[in-house]
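Some structures are shown below for you to check.
You will see chain A twice below: alongside chain B first, and alongside chain C after that.
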Partner chain A sequence: MSHSGPAGQNPFARLGRLAFLGATLVFVLLPIAWLALGSLKTRNEALALPPKLIFTPDFSAYQKIVAQGFLGAFGNSLTIALSNVVLTLLLGTPAAYALTRIRGKVQDNLSFWVLSIRMAPLFAVILPLYVLFKSIGLLDTRFAVSLAHLTITLPLAVWMLMTYFRSVPEDLDQAAMLDGATHLQILLLVIVPIARPMLASVAIVVFILSWNEFLLAFILTSRGSQTVPVAVASLAGTMSFDWPLIAAVSVCSMIPALLFVGFAQRHIVSGLASGAVK
Partner chain B sequence: MLQDWRFWFLAPMVLALGIVVLFPSGYLVWMSVTHWIVTDPSVYFDGVQNFATLFRSASFASAVQVTALYLVLSTILMLILAFGLALALSGPNSPGFIRAIVVMPLVIPPVVAGFTWRFLMNGEMGFLGAFVLPNVGITTNMLANPTGALISIVIADVWSRTPFMFLIFLAALQAIPRDHYEAIRLDGASALQEFWLVTLPMMRSAVVIALLFRVIDALNTFELIYVMTKGGPGRSTQTLSLLGWKTAFQGFDFGGAAALGVVMLVVTTVCASIVYRRFLRMPS
Partner chain C sequence: MVAIRITGVTKSFGEVPVLRGIDLEIGHSEFVVFVGPSGCGKSTLLRVIAGLEQATSGDIHFDDRRITDVAPAKRGVAMVFQSYALYPHMTVAENMTMSLRLAGVPKPERRRRAEEVAKMLQLTPLLDRKPAALSGGQRQRVAIGRAIVRQPDVFLFDEPLSNLDAALRVETRVGITKLHRTLGNTMIYVTHDQVEAMTMADRIVILDQGRVAQVGTPLELYRRPANAFVAGFLGSPKMNFIKADEISRSGSSIRLKLASGSDIEVNAAATDKVALFGIRPEHLTVANEGPIAGTVAAVEHLGSETLIYVETSADTLIVKAGENATTQPGDRVNLRPEPNAIHLFAADGRSVAGAPNH
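For the complex of A and B:
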């Protein structure tokens, strides 16, 4: 029985709960199923109404991803997301650790600063970043995008790691200090090994955020370093409306996220909500 | 200070955020007081002219209205759905796979979400827009009609962002100690009384946090609307962030767009400081 009380006590409540859950599942799954089916249909089948539910799967849309050069976008997204993960962890881990070992005003102000960046409208940094990157010739490079993604990923990572490091007892630091370890050694040889599962889930969350991000990638790139979401949006704007191709690119763009979620769901879930849930 | 190891641990992060956030937002403020139109070679200090123009413009007024309408509608729907889901799925016996499915939209790129909904809602070939809705008597072309377009965007946004709110509520519900319920049950309370007297009061701060995050998130929404309607038809779905993008990259008025950016920055900073001061400050 549900410990939250109301649901599940009388048969009507139970029926209501089932109907609500059923309706929600249809709502959630409809677009996903539509995409998956659409990617396996031919153009005419995909536009047929009422929809054809029984059809011979056609993989030509997936072949078009390769033939029409969309692999480049996947390569760009992968490079950008991976370098962003590395940058975020390198910068964020020591900072988050140090923040949990400071008391008082400095800690308070810095944590607030980090959180407020997490909440700042992207729009406030985009225009200046565009001008800045343009003036130093970094526009339309993968480096510029992965650097820009730090505005989203670094504050989130610091916040997630802070919550975790706070639970690591300071006695551990003290003990290592008595053995003559430097602070860098403590971080690398004591703290990081303990935090490995947490670091892994931070890496996954950061990867997904960077992989899915649209606005920064859209403004800062043109052709050369277009990411997958930008490619999807530009396909969607073309005159020849090739729904199976768009669906196939979309399905492929969801693979990393769904893979990761399958295998570290709990951590990702709490990670994405961190800063919102204490 | 330079001897303190913590300085060296923090410096790289502060430097990086300084480059990608602090410097740009300072630069934004400077841009906002500058006459800076890309197609016009003269760039000069222009005082508060950009703000004056912005506040007087009809497109700003309509963007504020659209943003508010979209925010209120989507938030109400999300609150109900997320709360209901959290209640229905917080029990220890609720199957994990349903939770996993419900959370899925959170990791799907918003561009993909927006595009799929646009296709579903399409009045000529969409499953919902051209098949389901006409069969239940709704024949308006959803995306071509101002109200319909806004409703479509709200639906897509609810689809994409409810999981986040659901997770906040789920965590809060599961943190309510069981003995609270047992105590009130011994007093003979009904299920409804349990909900009013225990569940709701215990969820208060989670609801406030979720709402504040929601406001900020809604101000930031861009790609979903961009791929679904590009702000149209007319200005009917043109929110503040869409207006900002259009001002900068279609109207080439960088100064005017920066002024709008400053306004949005101020609003979200106020929200962020409320969230932080009241709910998230870490115990020192």
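For the complex of A and C:
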């Protein structure tokens, strides 16, 4: 972008860089473009080879999303993902803070255990989770999926936040302690405001993980609280393979994630902690 | 304004002892400086007084109140950190009045107090800025302001000047001394810089390996160091030490054989056997005749004074001479110690000679 720098001085390096960026863009954007185009075609057109580039757009797939009750799946996904973000941050922030600030053998081991949960393959916990949720009558509820997603997102969030909290100088905690703050006040008034960019990053990662998660949602739901990925998969499983509808649902499923990322990204500003020390 | 009494305080981190039994009394409104080499325990002692570290054993009293187990915020102390530790997301005014906010003081009153202190520290135009928009010296003043707003009984400073450049350090040093005169609080100041210690302190506490090496006024410590450690720590350049053996002793005079090869007669009423001879660079003169012979290795002209490094058969000695010293490297010279300024130490480092009087 800039006119200075090594790329600006050497036209070949600049050309090479552009070529590389172009190739990457093709890889990233082509599938999405194909998906978007596919959602606007009829079923025959969508599967035609070579693909037709010029055609009359057909919005019937999008009408089917409403007609066939897919909006419910979107509502489920959104509720599950958002509540998962809230739960993860509410539980993960104090946990990560405590694990970085309270020292001892227990804490060292505890922080490892937190991550070790993630080392077990998902398949290992699905069956116990299924039995558990069935016995307490939570099967096929959004709450169950949200709780199940916590097992994935919470350890991740705790680890990301721990890394960040460790970089926040402990002098700040102690200064606040001398100012008369309790542990909770230190966390809420000093640490959380500084950690806002990291909390936003964690929220994004957690939202996307939860939004796109398939396996747990597939096992734990049947009809009432199906999420979008599960709904899409069920489309592909039937005899008739409605490619434009799948494409349309996929396109729509990207929109909330994009909106959420855009919203959360505004909090990711660097240098919030600058000026604290030295 | 409280007096502090520290009795038998020890502190270990796991197996590592950092404080090995500190007994210390600090008077009302006194400015006391803890000084010592890194790792001597001075910061730890300060943090134990602040309550940020729990003493392993021993007691701390503020006047008659035992505060050993009292929470940091309830001790009536305010601390200025080496790193300043300002809240980066708050303005200068918010930083300074955080303690009031936590104590439930209403906002207008908080603002009034912030403005009052800001005026004192020339921070008024900066009250609504955030720390990132301040210079190092300004941040330092905010950190001090935050301590003042709390109106503490005791001010604690943990190497507050070490992040400032030399000129600002001198300026802030003077500022803090002035502040002490204005407020009259008890202040404890930790530094590794002996110049800060000498210039600011009412009394200096020199710490060495978790123990108090000596307590006294700056000049007491400079003139009558209790041991070789204190003698070597205070003074720049540091005191010259030469290993010595007693040859004979008669009344108030001791004859010593110095490791640099010469004999010297010292007038002192030493109590124990002398093993170390000490003389400060400013108390050595280059002369035609003198008991210590050597070759000049280097000469540093500092403007107002000249440092001459003289290699003897034992150690290199430093001589502080006037600005017009004409000695050249390579010259053979004799050094004469000022008789009244000689320090004698026993083998274990204790000072054994009577106080030199100069």
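Following the convention adopted for this analysis, the second predicted complex is superposed on the first by the 224 of 278 C-alpha atoms of A that agree within 3 Å, B and C clash if a C-alpha of one lies under 4 Å from a C-alpha of the other, contacts with A are read in each partner's own complex, and residues count from 1 in each chain.
The rule we apply is simple: a residue touches a chain if its C-beta (ideal position, glycine included) is under 8 Å from a C-beta of that chain, and two chains touch if they have at least 3 such contacts.
Just so it is clear, the structure is predicted and the values come from calculations on it, not from any experiment.
Trainee: Between chain B (first) and chain C (second), which does A:137 come into contact with in this model arrangement: first, second, both, or neither?
Mentor: A:137 sits against neither chain B nor chain C.
Trainee: Give the label of whichever partner, chain B or chain C, reaches more residues of chain A.
Mentor: More residues of chain A are touched by B.
Trainee: Quick check for you: in the superposed arrangement, does A:57 touch first (chain B), second (chain C), both or neither?
Mentor: neither
Trainee: Should A:11 be classified as contacting the first partner (chain B), the second (chain C), both, or neither?
Mentor: A:11 sits against neither chain B nor chain C.
Trainee: Could you say whether A:97 touches chain B, chain C, both of them, or neither, answering first, second, both or neither?
Mentor: first
Trainee: Touching A:177 in the superposition: chain B (first), chain C (second), both, neither?
Mentor: After superposition on chain A, A:177 lies in contact with chain C alone.
Trainee: With both complexes overlaid on chain A, does A:194 touch chain B (first), chain C (second), both or neither?
Mentor: second
Trainee: Mind sorting out which residues of chain A both chain B and chain C touch, each in its own complex?
Mentor: Chain A residues touching both partners: 272-273, 275-278.
Trainee: Using the touch definition from the top, list the residues of chain A that touch chain C in their complex.
Mentor: 169, 171-172, 174-181, 185, 189-190, 193-194, 271-278
Trainee: Could you pull out which chain B residues touch chain A in their complex?
Mentor: 5-6, 9-10, 12-14, 16-17, 19-21, 23-25, 27-28, 31, 81, 84-85, 87-94, 98, 100-113, 115-120, 125, 127, 130-131, 159, 164, 167-168, 171-173, 176, 178, 181, 191-192, 194-195, 198-199, 206, 209-210, 213, 216, 219-220, 222-223, 226-227, 241, 244-245, 248-249, 254, 257-258, 260-262, 264-265, 268-269, 271-273, 275-276, 279-282, 284
Trainee: Okay, in this complex, where on chain A does chain B touch?
Mentor: Residues in contact with chain B: 1-9, 13, 17, 20-21, 24-25, 27-32, 34-35, 38, 47, 49-51, 87, 90-92, 94-95, 97-99, 101-104, 107-108, 110-125, 127-129, 131-132, 147-148, 150-151, 154-155, 158, 162, 166, 182-184, 187, 208, 211-212, 214-215, 218-219, 228-230, 232-233, 236, 243, 246-247, 250, 253-254, 257-258, 260-261, 265, 268-270, 272-273, 275-278.
Trainee: Which positions of chain C touch chain A when the two form their complex?
Mentor: Listed in rising order, the residues of chain C that touch chain A are 50, 52, 72-73, 77-79, 81-89, 98-99, 102-103, 130-134, 136, 139, 146, 150, 163.
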